[in-house]
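Report on the structure given below.
So that you can tell them apart, the chains are marked A, B, C, D, E and F in the order they are listed, and the count of residues begins at 1 in each.
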Amino acid sequence: MKVTVSRKGHFNAAHRLYRKDWSDEKNQEVFDKCSNPNFHGHNYEIIVSVTGEIDKETGYVIDIKTLKDIIKEEVEDAFDHKNLNLEVKEFKNLNPTAENISIVIYNKIKPRIKPDLDLEITLYETPRNFVSYSGN
Amino acid sequence: MKVTVSRKGHFNAAHRLYRKDWSDEKNQEVFDKCSNPNFHGHNYEIIVSVTGEIDKETGYVIDIKTLKDIIKEEVEDAFDHKNLNLEVKEFKNLNPTAENISIVIYNKIKPRIKPDLDLEITLYETPRNFVSYSGN
Amino acid sequence: MKVTVSRKGHFNAAHRLYRKDWSDEKNQEVFDKCSNPNFHGHNYEIIVSVTGEIDKETGYVIDIKTLKDIIKEEVEDAFDHKNLNLEVKEFKNLNPTAENISIVIYNKIKPRIKPDLDLEITLYETPRNFVSYSGN
Amino acid sequence: MKVTVSRKGHFNAAHRLYRKDWSDEKNQEVFDKCSNPNFHGHNYEIIVSVTGEIDKETGYVIDIKTLKDIIKEEVEDAFDHKNLNLEVKEFKNLNPTAENISIVIYNKIKPRIKPDLDLEITLYETPRNFVSYSGN
Amino acid sequence: MKVTVSRKGHFNAAHRLYRKDWSDEKNQEVFDKCSNPNFHGHNYEIIVSVTGEIDKETGYVIDIKTLKDIIKEEVEDAFDHKNLNLEVKEFKNLNPTAENISIVIYNKIKPRIKPDLDLEITLYETPRNFVSYSGN
Amino acid sequence: MKVTVSRKGHFNAAHRLYRKDWSDEKNQEVFDKCSNPNFHGHNYEIIVSVTGEIDKETGYVIDIKTLKDIIKEEVEDAFDHKNLNLEVKEFKNLNPTAENISIVIYNKIKPRIKPDLDLEITLYETPRNFVSYSGN
């Protein structure tokens, strides 16, 4: 019996959409106000969803406290109150679109959970814009 | 790497559940107070979700501004502050249940996005009632 | 020790902003798309707030079940799945703006609670537009 | 054309995570503060999602009033204002983790809907922790 | 220039409405299912609002981190995953209605903030029921 | 009969808490991670509340479309996708705490509404932290 267990997290960060290998004009043209060189920011809400068999012993798929700690270590401590472009190494050469942020988070959390568990990341950039990624 | 990108929209409309080819009594019997001949209404919340490969150039599956504009043109401008039964041509002969509204919206938006992108429509009729349709 | 006790309710209704004593043109000019003759509608959310001394016996300002029943009888049963202009007698000659609806609700609920309790009505017409009225 | 129809419900209950066949120490060690012998509690929010073909006659997958009634009878009347461990027979010998509660609810609702409809249960234990189960 | 600064907190607890000096029958009659002897529970959401002059130096009324820590110490650490009736000393002889809980929280937090700051406590017992108390 | 009419708005911005006349060390000491020199950011949600007599003619305190336009011009166009410290003139020499942002917004909107209307600004910096200011 497979169940999906989800836990929400939160971080506030500055970013801009930007490719180093493009001119400022090209960045501005493609990414518009999202490429403001002085940055803008978001309250990112994240949902981490883990799917797998229920452990007969505990009745858990994963201890939600464990999941909460993983989110804290891999996401909140790493991204909160940071400038994603300047201070988070995964975005040194990667444009921090919501899509790319969700993949980076997936890749950070996947090795922290058991290999037979499926993982999905949902990332709210604003209350009206969000993305999800499940490793496919 | 496939990611799902979602954008929320909103419209307020009047409607009644009603089939022209049924008597008023039959409509009343089946649809109850939802078939009030004087109409009732909702704040419909819509989530449009597009799934596809990330564009390597931009880091986008779809530019969220493009998606926002499509929702405005196909849904908000077409349905907002309207009477769905009387003023929206798709419901001239189609009962505007949440299920049918979600299919109509799917069919209006699908031709506006690239053919290799998957589409799902989630429609909240009230905060407690909602439907989703993904073209299958 | 005065405490405010609040209870949420909900109703779905059709309406249009409209004054009988104005021409259709004048109504259209002043109320714009909100005056659509075919009506539009909303999921109205209501918060009824009652302020007063705590009863030493029960620890209640008002039994929330009593308040829930009053909201059901005076608001939900009276307005839900109705056309406010055509079917609710209070709006026969009163324009059903959010402001006026909140006053009508206040006047219906006030006689149902003890005279020494203060009352405030908050009415959400949409998640982004709301009004409140406390009898002053 | 398959559509998913969802309806939210709500119940407040006390519980503790606990296995009868484990010592108090073992329960405490594994379930930590969630195993408090004096219980704690939650406002559980539930989403019941039913997927199937639209009925050509009605435009419904399932009448949402029917679904609302099933949720009331099988979940809200059965669990609301109860102690899950002491008063709900399904948890006499089953640890009431969110995972297990979602499966119990699935098993109660599945026989109440037509066999060709798919069912998914999403259960919010808190606004930040939730699970979902779809019978697989 | 006076500004109100608010911070949300959260705790999960079991309780029952109950007066020791009343018979079980009387408790049951007055408090109905809320007096279930086996307890029920809630995810309590709390908003702590502090009003005062802005400090010219910092631009703060109160450092939100300080307020967060006070809520953690006085409310979350004291009430979370507890049985309010059995384990929280303030309710040994006080019926834990939402009204009384809000007053207890007010009285715990008031001495922790500067005397010239006004305080208001808003407590959500469920998403639909809430109370507020500001010391008057 | 006085009613309060409220409208929500939204903007995404980068900022840091910072006083030019303090050393970096002092800023860091007082404002901690909120003073990150590379900035962080938020999805600010704003509620603009206007209180006054209902206009007998229209049933409005203020036309909500007018209020929506004022919020767009004075707040959203001015602050959205901006760096508050570097690009918004009001914060050239003013620390952009939530408290100060709410006062700046109040001062921008007040001259745009009729003098006999009262104004209150509520600003959510995150879903858990918010402030309100009403000109006193």
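Simple rule for what comes next: a contact is a pair of C-beta atoms (placed from the backbone, for glycine too) under 8 Å apart; a residue touches a chain by one contact, two chains touch by 3 or more.
A quick note: this is a predicted structure, and the numbers were derived from the prediction, not measured.
Common neighbours of chain A and chain C, listed by label, are B, F. Within the contact network of the assembly, the step distance from chain C to chain D comes to 2.
Set side by side, A-F and B-D show the greater C-beta contact count at A-F. In terms of residue-numbered contacts, C-F and C-E present the same interface, as over half of their contact pairs agree; the other options in A-F, B-C or C-E do not. The greatest centre-to-centre distance from chain A, using averaged C-alpha positions, is reached by C. Distances between chain centres, each the mean of the C-alpha atoms, put E farthest from chain B.
Note: centroid distance chain E to chain F, computed from Cα atoms, is 29 Å. Here the CA centre of chain B is 34 Å from the CA centre of chain F. For chain D, the set of residues touching two or more other chains reads 127. Annotation, chain-chain contacts: A-B, A-D, A-F, B-C, B-D, C-E, C-F, D-E, E-F (touch as defined at the top). Those residues of chain F lying in contact with chain A across their complex are 10, 12-15, 33-34, 36, 38-43, 45, 80-83, 86-87, 126-127. Here chain E touches chain F in the complex through residues 1-8, 54, 58-61, 64-65, going by the rule given at the top. By the touch criterion stated above, chain B contacts chain D in their complex at residues 17, 30-32, 94-100, 102-103, 127-133, 136.
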